[in-house]
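To keep things clear, I will list the structure first and then write my remarks on it.
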Amino acid sequence: MTAENKQARGWNRQEMARRAALDIPDGSYVNLGIGIPEMVAQFVPEGRELIYHTENGLLGMGPAPAVGEEDPELINAGKKAVTAAPGAAYFHHADSFAMIRGQHIDVCVLGAMQISEQGDLANWSTGEPDAIPAVGGAMDLVAGVKTIYVITQHCTKNGEPKLVESCSYPLTGKGVVNRIYTDLAVVEVTPQGFVAVELAPGVSFDHVQEKTGGRLVAGPQLEK
Amino acid sequence: MTAENKQARGWNRQEMARRAALDIPDGSYVNLGIGIPEMVAQFVPEGRELIYHTENGLLGMGPAPAVGEEDPELINAGKKAVTAAPGAAYFHHADSFAMIRGQHIDVCVLGAMQISEQGDLANWSTGEPDAIPAVGGAMDLVAGVKTIYVITQHCTKNGEPKLVESCSYPLTGKGVVNRIYTDLAVVEVTPQGFVAVELAPGVSFDHVQEKTGGRLVAGPQLEK
Amino acid sequence: MTMIDKSSTSLAEAVADVFDGATVMVGGFGEAGSPIELIHALIDQGAKNLTVVNNNTGSGHVGLAALIENGRVARMICSYPRTLGSKVFPELYRSGRIELELVPQGTLAERIRAGGAGIPAFFTATSVDTPLAAGKELRTFEGRDYVMEYGLKADFALIKSERADRHGNLIYNKTARNFAPIMAMAARTTIVQTGALLEVGAIDPEVIITPGIFVNRIVTVAEPAQESRLVAEGRVYP
Amino acid sequence: MTMIDKSSTSLAEAVADVFDGATVMVGGFGEAGSPIELIHALIDQGAKNLTVVNNNTGSGHVGLAALIENGRVARMICSYPRTLGSKVFPELYRSGRIELELVPQGTLAERIRAGGAGIPAFFTATSVDTPLAAGKELRTFEGRDYVMEYGLKADFALIKSERADRHGNLIYNKTARNFAPIMAMAARTTIVQTGALLEVGAIDPEVIITPGIFVNRIVTVAEPAQESRLVAEGRVYP
């Protein structure tokens, strides 16, 4: 597949973030994971206001500061410099995870290594014996946040599907993912398994199905 | 017993509070129960500084305000108006009881209905069927504070001993009391039971023993 | 430009959806922090068969005591229902017309905090070897006995704050803070009466005690009544 | 007249009694809130075989990474030992020279808070159905599974604050607050480096984050080093 083909047949990172942003209701409290999920904040539709939570102790996280304005004591969970928006509040780690565990955060957008038909998520470890295990707040987020969105490439760099029948990597949480935004499609995780609810421009359902490890159903939305 | 005799044969309320205050080490964090224990704060020996905790959310409680200066939103656990001393801090109830349960408070001085030879304390309910049960923070305090002092009359108004072999009233905590300051004596609770370590002026050991329900031993301090 | 605005136009609107049988946490320790205007609005609203969580049971015939006296409370979860001036609760309790779940104050606070923090149960040494541990699961950790206690959640919390902003960020006044921050965490819908509603950004992010995520509705009561004064005046609500 | 004065005259004095085999909680999330001068003083002091609790494992060859690199840490309790610029820990871990107890970040925070609050154990849904729940007690509450987790205490906490007073009351700066307030609660001896030591009463009682009861020693470090800058400069401690 050439670079040109690739672009024609799917969403790029910005577009995936923009598409996910469309689905977050006005006024939501949102936690954004590291990587593409962070970009969601740039694409909030006009007329909506979201409040961002970063688990290291800030509600009301604002955009990155201007170059030279970074404060090493004002960072996000990815340890990047951020700002505090008007109405922000600082708190300690136990209070921050009380917000998460106590189901006060409405939406969390995370990256993924694998997602199963049942909504199981694996995004912290390959389970390889020499890997340094590192989990951070991922397990807390999937256990505690009401709605979990995943943004991820549909396949790994090696072309392996990330949407699978069942995860081979160690789980982050079982049955936690609600929706998946990939470069190829928007996929809902339902009791019936993966349901494609939207396709990226130029992408066919058959193509998405081929790239999906588990069973994929075409949602009624695709018939329009 | 006439009032004159009574005064001659024991400490009054102020003196009991003063005597207890003598035993509280400099720099201690102290919680004072309602009643005579509250008076302890008036008798801190010169050169010592204690910091008072009130479980409704204030560390660094100061004395009662001047008449007319009361603030209904600045009260102690007994719901009386107090002040905030320099260095005071306000916090919510869960944080306040984290201080108590987490063994951060050094000394608590409480009232009592009964204390047993084993240091069991009963101070919240007579257990009578028509009594309105009310416990407040007493069970938390005896379970969490390192050193528990009790200030109490040696006997009830009816002349019944309050220091008993075993409590007949429902317990506040088991094996929690370290020292008892009564109108007649200072009594330590030891593995061997009650030990009188000091007698009020004009009070004989035999008299205290007679007024004590449990077994009372004369401490070596009395021989001096 | 601020769009998120949690302010309610009236006390009545703020409590309109409290339903019969709801669990309602009510802030305050004695009169300090008691959201008396919200309680009176709840009396006017009429919801009944409530389970109410508060450290006490009110005093006189106003506020929480009036809610109880008007027969709206089926059950109190409480540490100290026997304060000076509390006559309403003892009468109803003795005549079997109100239930009481007596909880040590620190356990009550921790259960509320746990409810808000997604902790279904925890262990505490408080109440071990006392009648209040009866029927509870006991367990030994490092040689000491503890009882298991459950997190406590509510459908609504009614609390009082000193200042709020439109996002629901709150600060409190002195010991009126008490149970309010943890009740705000533990309730599905947290309703706040505040002395002043400020613009977003007016409160320093370092000093906010309750972040707005825990707050749903705010109504301004610039000059709240002082419960002890109403009691001294012999007031009866309604 | 203030007699209570928790100030230490030097970093060395503040950490002098940290003993071999101690459990030491170290504040900070990445470099934000990392008490780098206290950590360096601990390296100079020489205590070894430590169990260290921190969200990460430091970066470069300064601060926490230097403590690890100098062979003082036998065991890390940590949620994320794999940050950018963290090379020291992975090497030691792969060669079996350091133990790791991996704990989800929120569970780590709650375990520390529980340790400080006298809660020996609690239940959380975090990590259920994952390898990190292996060997842990599972229990169902209202139809959902939870694991039991234990409170975590320490012999010492090393934390950084923005301002302190002589009673030990602390305020923090922005997201440098992170684990410090709960670690101060959970440690037998809490040692603070602060940007400025103020007189008692200088901090508004409403805005104090850590009341002095949780603090034992304070040492002033007016201009703390910035870890990322030291790392960028290639510094190696000592």
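Some points to look at:
Per-chain numbering from 1; labels A, B, C and D assigned in written order.
In this text, contacts are C-beta pairs under 8 Å (C-beta built on N, C-alpha and C of every residue); 3 or more make two chains touch, one makes a residue touch a chain.
Since we're looking at a predicted model, the values are computed, not measured.
The mean-CA centres of subunit A and subunit D are about 30 angstrom from one another, to the nearest whole unit. Separation between the centroids of subunit A and subunit B, computed from CA atoms only, is 57 Å.
Between the CA-based centres of subunit C and subunit D the separation comes to 34 Å, rounded to the whole angstrom.
In subunit B, the residues that touch at least two other chains are 58, 84, 90-91, 94, 97, 100-101, 144. Touching two or more other chains at once are residues 110, 113, 117-119, 124-125, 172, 174, 205-206 of subunit D.
Taken as a graph of touching chains, this assembly has some other topology, since it is neither a line, a ring, a star nor fully connected. Of all possible chain pairings, those that touch are A-C, A-D, B-C, B-D, C-D.
Listed in rising order, the residues of subunit D touching subunit B in the complex are 2-4, 113, 115-119, 165-167, 169, 185, 200-201, 205-206, 208, 211-214.
Remark: subunit D residues 29-33, 55, 79-84, 89-90, 93-94, 100, 102-110, 112-113, 124-132, 172-182, 209, 226-228 touch subunit A in the complex. Subunit B makes touch with subunit C in their complex at residues 54-58, 71-76, 79, 84, 90-94, 96-97, 100-101, 125, 127, 130, 132-140, 143-144, 170-174. Remark: subunit B residues 26-27, 29, 47-49, 51, 53, 58-60, 84, 86-91, 94, 97-105, 144 touch subunit D in the complex. By the touch criterion given at the top, residues 110, 114, 117-125, 139, 141-142, 144, 146, 150, 171-172, 174, 204-207 of subunit C touch subunit D in their complex.
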